[in-house]
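In what follows, chain A forms one complex with chain B and a second complex with chain C.
Our next item is the complex of A and B:
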């Protein structure tokens, strides 16, 4: 297995396509991968594999292995030959995309090289992913009024998506504007809804305050308010 | 810097979007850009070449209207690779490379691709590079162009032109650049930028007195990333 040591000019665009359906988000990833594959001093035709973790290159962007589709194209970008060779070959024989069970997007390449002291130094690639386009349809909190009387109060938060999602689900980020509220920073939602629990702590000043909870992913957000009386 | 001598069969696809945010267009641009790059020895030569995609994918002809993008609302991903290579048995070492490609939208709203390339080998050549570029942007179409005056008696002095441009919607983040051009004639035209959050701008051009005697129709073209509009000025040269 060849090791890709670096990527020059890794670029990304994502787009939300119109129309009905659950896979309306298109991701495009491009770059030039440094392979650095050098042939020894013979003309034997060699084949090898290389793999690139696209997710690791782009802020750990994860995908859903059950619903998302990846397509990879690749071309030789930097080639070297010497006059010692009688036969020269550089080839990208195969390029495929795979979404691993942990959500990482992997580009896999089958390469070939021939020619004494020649090199296959770089590979240009393009990865398209048709991805789940789930949106947060709503968020609600219970109880709507939390009365603090010497001990923390459990808060129930329900999330609603605009469509059902197969496991491992869609990642939804949670946040709140102010106050001593403990919630997980993100949750994986399978199906089209989930209920999570949090805690309203005692760190509120006396009086009444309105807290805003927000659930969001890259393409949508929804908010709800609840009141804390300390 | 190397200069491309053209693009073979430039192809453009425009896909409507509904986001994220204000993004409403995805342009896919592809082609094979032609070079005349040959080297005479076995040293590794490195060169940069820049391709003006706003010009290559101009809207219409006579004149070609530049396709300008709002830099603050545009994201680009590009890929490029060698497409035509030549070697010679006089060389001991041969290299052909597109080491990386960098897309940018410049201050004028032009979409540029910069190719960083390498070539090695006596009498070797890198004659073309292939590319594909994905451009996500918040396009705003032009609704109207008007120019005052539009019926000009031209003597020996330049005549200022007030050029007002109206968009179909407010300009996106960073403002919407609008290209102004003429097929021929003598008109000084500035680059117009409709400020962010507004839908119009007025800029000043200048009609120069370099026309033959008699009546002439001078067409001024305005364009954004998605459309062009033409406006005719009648000139009576005395």
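Our next item is the complex of A and C:
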């Protein structure tokens, strides 16, 4: 496996696409990877692999491995050879994209190099991703301070997504940081909606404390705090 | 040869997602007179190359662009002891309301070596630029 030491000129564009399936977003990532692969002093044709974590290079943008599609293209950007070689070759034999289970977009390249004293120094890439997921833009809880006196107490929780969900909707997971609070594990945001507000049943903890609520899906998360005063 | 895709976006009548691509001549990139590595910067006015997709003035819009360029044709003889051909990077700038592609190149050769093959038909660099105009 070749080690890509750096990427220069990492650039990104993304756009919401209108029409059916309003979740659709197109991402374009480009850059020049520094490969620095030097050929040994023989004329043997060599093949090797290289891998780039596109997400880490571009604002830590994550994707959904079950729904998003990636397309990768790449080509040699910096080539070097000397007259020591009888045969010279530089090749990008294959370029593919893979979304890892943790949401990181990986670009994988199969490269070839031949020629004594030659080098394959830079690799240009372009990655297109059609994302079908929505991101959780925010979560809020009201009231911010819950006083247990005067039961029953109602807590309103609102989720905001960064764009409307395509029908039939999307599932958003809920979690919290306090062991003895009970919350529904997930909520369903209906199709064509960007927001949902509802009441949640809480088993309140003993004593006064601050609770952090987190809403998440495979590619994003958002949190908010509220305080319970017993 | 140039190609372009323009996707209108919602929210504003002028919002659009544009991808332009093509091949262009890189005149002046001739490394045949020097055996040391030389660097060059070339600029291509994309608004002139794609007047319907990227019409000026673009200064009043919010632009996000992602650019890439590659070598399409190189040529040399074995008279040179060493050869290098490189696109070190590609980016865009706005100048006088027009979108300009800036490409950093490097080349090394010797007698009869060129980073590009000058020909009436063949061009030297390929590019693809995606632009979000909003």
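Rule of thumb we're sticking to: the second predicted complex is superposed on the first by the 132 of 230 C-alpha atoms of A that agree within 3 Å, B and C clash if a C-alpha of one lies under 4 Å from a C-alpha of the other, contacts with A are read in each partner's own complex, and residues count from 1 in each chain.
In this text, a residue touches a chain if its C-beta (ideal position, glycine included) is under 8 Å from a C-beta of that chain, and two chains touch if they have at least 3 such contacts.
This one's a predicted model, so the numbers in the text were calculated from it and none came from an experiment.
Novice: In the superposition on chain A, see if there is space for chain B and chain C together, and answer fit or clash.
Specialist: clash
Novice: For A:124, select first, second, both or neither according to whether it touches chain B, chain C, the two together, or no partner.
Specialist: In the superposition, A:124 contacts both chain B and chain C.
Novice: Check whether A:156 is in contact with chain B, with chain C, with both or with neither, and answer first, second, both or neither.
Specialist: In the superposition, A:156 touches no partner, neither chain B nor chain C.
Novice: Touching A:219, do we find chain B (first), chain C (second), both, or neither?
Specialist: Once the two structures are laid over each other on A, A:219 reaches chain B alone.
Novice: On the A-aligned overlay, A:78 touches which partner chain: chain B = first, chain C = second, or both, or neither?
Specialist: Both partners.
Novice: Touching A:32, do we find chain B (first), chain C (second), both, or neither?
Specialist: The answer is both, since A:32 touches chain B and chain C.
Novice: Which chain A residues lie in the overlap of the chain B contact set and the chain C contact set?
Specialist: 8-9, 11-18, 26, 28-32, 75-83, 121-122, 124-126.
Novice: Spell out the part of chain A that touches chain B in their complex, as residue ranges.
Specialist: My answer: residues 8-9, 11-18, 26, 28-32, 75-83, 121-122, 124-126, 218-219.
Novice: Considering the complex alone, what residue numbers of chain A touch chain C?
Specialist: 8-9, 11-18, 26, 28-32, 75-83, 117, 121-122, 124-126
Novice: Give the list of chain C residues in touch with chain A in this complex.
Specialist: So the residues of chain C in touch with chain A come to 7-10, 17, 19, 64-71, 78, 80-91, 106, 108, 128, 130-132.
Novice: For a test of understanding, state which residues of chain B touch chain A in their complex under the given definition.
Specialist: 15-20, 23, 26, 75-82, 85, 87, 89, 91-103, 118, 120, 130, 132, 134-136
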